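These are the structures, in structure tokens.
Below are two complexes that have chain A in common, paired first with chain B and then with chain C.
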Partner chain A sequence: MKFLSNGNLRGWLESLMGMGSLIAPVDLEPGLTLFSQVRDPGEVNLEYEITPIPPKDLFFPSSEALFRFSPSRGYEIPRIEGETFLLGVHPCDALGIRLMDFPFLSPPADPRYEERRRRTTIIGLGCVKARPECFCTSFGIGPLDPSNADAFLVPVPGGFLVEAKTGKGARALASAKLKEASIPIPKPPEVSAIDVEAVRKVALSLFDSPYWGRLADRCLSCKVCAYVCPSCYCFDIRDYPTRDGAERVRSWDSCQSPLFTRQASGYDPRQTKASRLRNRFYHKFSYFPDEFGAFGCTGCGRCVRYCPVNIDIRETLSAILRGEARIA
Partner chain B sequence: MPSGSDPFLPLLAEISEVRDLTPDIKLFKLNLREGRIDYRPGQFAIISAFGVGEAPFTFASLPEEGLEFAIRKMGTVTSALHDLGPGDLVGIRGPYGNAFPLEEYKGKDIIIIGGGIGIAPLRPLIHWFIKRKGDYGDLLIIYGARTPRDFAFSHEFEDWARGARLELAIDPPGAPEWKGRVALVPAVVKELKPSPRGSIAITCGPPIMIHYVIQELKALGFSPGQIVTTLEAKMKCGMGKCMRCNVGNKYVCKDGPVFTVEQISQLLEEF
Partner chain C sequence: MIEEIRAKAADLLRSGEVKCFIGYERASDGLTARPFFAYSADEADRLIFDGTCVHNLARYLPDMRGKRVGILAKPCDSRSINVLIREGQVEREEVYIVGVVCDGVYRTTWGKPSRELQPRCLYCSKRTPVVYDYLVGQPPPAPESQHPASISEVEALERKPAAERWEFWRSHFARCIRCNACRQICPACYCPQCFSDQLDPLWTGIRIGLPQNWVWNVGRALHLAGRCIDCEECQRACPMGIPLAILNRKLASRVKELFGFEAGMDPRAPFPFATFEKEEEIL
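And now, the complex of A and B:
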């Protein structure tokens, strides 16, 4: 690993901004950090704990036009241009991008997602502190795990230990003034893991448990859990009329919405909050692993932090392991 | 879809013909402006009314008969489609989903049980079995609707009755001109007692009808593997990505829409 001093950070970020657009954690107001386009390297906050919204919207925007159509001009498809450096991605969010690859890059791949992924270099950032809601180590990663990033930074006194993991990452680091590092990799903060494999093994036997109804009683169906989730990807597609045709728009959606599965006839196979909450849980811990071989969760803890009624997915996982979700 | 193309871009098609099948069901015949859609009975397409939206519809014709869709006016997209006529442009993408394994049914007696607009995916099967009579056993068609005017494809009933035993029923009662049977579809199954021996029963209709038809068929001795249905679900993408149509760990769009009752009994959720 090489060393990038704090003094050389600005110059490197300026050179990245010269190569493309730099997206990084920026404090929009005290206590609110979001991945944003960087205008000045001084804005970048690499000591942030968490952004309320993960960087998934860089690849899968919260709302985007798939195309415009008019009978006279045919299809117009928004162009995806330029190069992006996505800096400061914690291991949980880098895993989130990898998880998002499964649905969007599986055939037939979504060309928008694919193009944005191709044009983006992910520069990860190790976590020196864990938040109380962190449980990333349940999913084969950890606070200093570089595996889903193109390049990775580990904060150390005076700067960062720096490592390229892919060719893209090496290219991004080429302009950085690096020194040989004599500093050891710091010890990662403690993050407790939940045995999600064990949960998966018993989950199907708990499908009809009244546990889901009890848990859902306090759910407000506000969907914040899905909007802040780095691996939730339900979407809606809607049309809006234009002067002589249509714009077709894809937007984030959530299986927690009471209208999500309702058919035009009024028939709705998933009518209860309990069945919707259960669906989100089973998708992440049973269906998604069955389909793609990975859990649909990164352990970032955002749903725990932002749920207004304190539904805690870790409590659900633990309740299952303790046998408390069984039918009494 | 050819690789490298955008799976969300529909092909353009012109409506070549619209036929009123019932007061709220129209048959749309489409001509593709470009490209082709090779499908098998049981699969579906997603049709666009540009500016209003997209919805999934089963192919209601055999491929050699052209692209036909029987569409009931129900929500915003179907209402917009009902306002279109010959020459108007729609989008179509697909085909999606699995299909009826017609080869597997060879030599078997076939019982087709439809209710209302649920006849749409069954119509290509009816045409297929009648055209290839020699390859299959007896064909029994049970078809129910709310009123005599709500039978779709009644203009084809003579042809169907020539190639099959056609049993019609309406429910509720109250149509004085109707001389036929007044009964719900599951009751017709119970009354006619089709034999399960060497048979396949294929049913489509409202979910509640499907549930009771399955119950009656099981009571007659049909095994879950002998009962086939095709499911409907809210869908956006048709490609297993938007997460609207999963029933437990299966997608109606990718793993279905055609399922045997054996497969349905393994689904975690209700359809």
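And now, the complex of A and C:
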């Protein structure tokens, strides 16, 4: 463990900005912090609480042209260039990127995701405070867990404890003025865990429970939960006209939208709010682990925090564990 | 007040007068409120009412079509119910409205209590619901407006040069992620197919980008002119902090200026944008 003083932070960030683009939490409005391209190191807020959008959009943009075609210029694929340093990623969001790797990097890998991933160094940041919606410890990580990051910073008085976890991380830290650390790693904040393995064991037996209908009464069928989720990765692809041709565009989509499963015939196998709400839950706690061996959730709590009507996934997990989901 | 609401809801459910009563219960943070659907007299005990009950429950009425339901209505919710009745989305006889006298609701967000009133409550002119079958609370003496405020945010923005206003909205709309929370939470957005979901013609489609976001946000606001009752739920639901209420308020004030019309106040008043008079002035 090395120590990076607050005084030496700016110099290090400037050197990262010289090596590539630096993406970090930046305050855009009162109460709104987003991962953004840094223009001045002073903008970076490493004491941020949460960003509504996790850094997934760096690898899987909310909308991107996959290719363009026109009679004059033929067929072209937009290029992905440069190197990116993604700084200030909390352990839950670093796990989110690892979870996105399962669908996007399993063969055949998605070339655009893979290219962006290859060009990005993830610099994690430990959490000194937990939010009321946090439950990351349910998924084998914790507030100070450096796994899934290339380098990791732990905030301590006067600076950060710093550690490189991969070659990429060591390269990113090479230009930082570091000292030997004399401060021990602080105690992580308390985060309560839910026994998600136990939930997974019984979940399928509750597929037809009236619980889902009752829960869906207040669901709005908006897509906030999916768009703020670090591990929701569904998309739709559609052609859009350009001045002299067209482009094929991939955009985020969500199973919460009534259009998501509507078929060409007009039939929709998930017609009710309840079936859509249930699908999101089962994808994360049953189908995704069946397919990839990991839960499709990081415990970041964003869906809990940003749901306009307080559909709280932790309550659903508890209701299943306590058997309440069996009756109503 | 809460005991009276619980008792009334329990009565309605017990007697079979309604199948479901839509109100509020405590949210999972233990501080804020969330919509609650009670189906039995026992469940009515979970109902609450206080300054954290921000949601416009009228939004759920079109989902309940064909079922007789009870609903707790603040003055703003009651105006939305009027809009829905007037637009043929809700049958008056299918809804039992328990109106509640309201002192305004707070700017609570997840996990953070607040005693500060929401901006919309500062502009609101009603403390007593405009339509109800049963009233909880004492109606205050007229005039009801407790904080007569001008629509200062709109005026402040209007004083800025056009280029600055353009940049204000550009930077906000650029952030929009098209999650549809503003649409899905809106009691006036009930179209079976929204223009933004239409594929032919493709107005915006699912693409998330500045031109599409711009068309979406401006189109949404225009479709609400003369229909929005300023419950500000779109702005509260927006995870990206886009100040949608400024657009809504500007349009509402124009409609009031031009037609002397305020949405949801009078269920019989003709709609400015659905009424044509032979001799009317062309604007």
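A few notes on this one:
Going forward, the second predicted complex is superposed on the first by the 317 of 328 C-alpha atoms of A that agree within 3 Å, B and C clash if a C-alpha of one lies under 4 Å from a C-alpha of the other, contacts with A are read in each partner's own complex, and residues count from 1 in each chain.
The rule is simple: contacts are C-beta pairs under 8 Å (C-beta built on N, C-alpha and C of every residue); 3 or more make two chains touch, one makes a residue touch a chain.
What you see is a predicted model, and the numbers here were worked out from it, not measured in a lab.
Under the clash rule set out above, the superposition-derived model of chain A with chain B and chain C shows the two partners fitting side by side. Contacts of A:220 after superposition: chain C is touched, whereas chain B is not reached.
When the two complexes are overlaid on their common chain A, residue A:305 makes contact with chain C while staying clear of chain B. Using the contact criterion defined above for the overlaid structures, shared-chain residue A:265 touches chain B, although it does not reach chain C.
By the touch criterion stated above, A:255 is placed in contact with chain B alone, chain C being left untouched.
Applying the stated contact rule after C-alpha superposition, one finds that A:282 touches chain B and leaves chain C untouched.
Contacts of A:184 after superposition: neither chain B nor chain C is touched. Within the superposed three-chain model, A:157 lies out of touch with both chain B and chain C [touch as defined at top].
When the two structures are aligned on the shared chain, A:240 is found in touch with chain B and with chain C. Taking the two complexes aligned on chain A, the least Cα distance separating chain B from chain C is 7 Å. In the superposition on the C-alpha atoms of chain A, the part of chain A touched by chain B in one complex and by chain C in the other spans residues 236, 238, 240, 253. Of all the residues in chain B, the ones that touch chain A in their complex are 1, 3, 6-9, 48-55, 74-78, 89, 91, 206-207, 232-234, 236-237, 239-249, 268-271. Taken together, the chain A residues at the contact with chain B in this complex read 66-67, 69, 71, 75, 77, 103-104, 106-111, 204, 207, 233-242, 245-246, 248, 250, 253, 255, 260-265, 267, 269-270, 275, 279, 282-283, 286-287, 290-291.
Residues of chain A touching chain C in their complex: 28-29, 31-32, 34, 52-53, 62-63, 131-133, 214, 217-218, 220-224, 226-228, 236, 238, 240, 249, 251-253, 257, 259, 304-306, 308-310, 312, 314-315.
Partner chain A is touched in their complex by these residues of chain C: 27-29, 32, 34-37, 55, 59-60, 110-111, 175, 177-181, 183-185, 197, 202, 205-209, 233, 236-237, 239-241.
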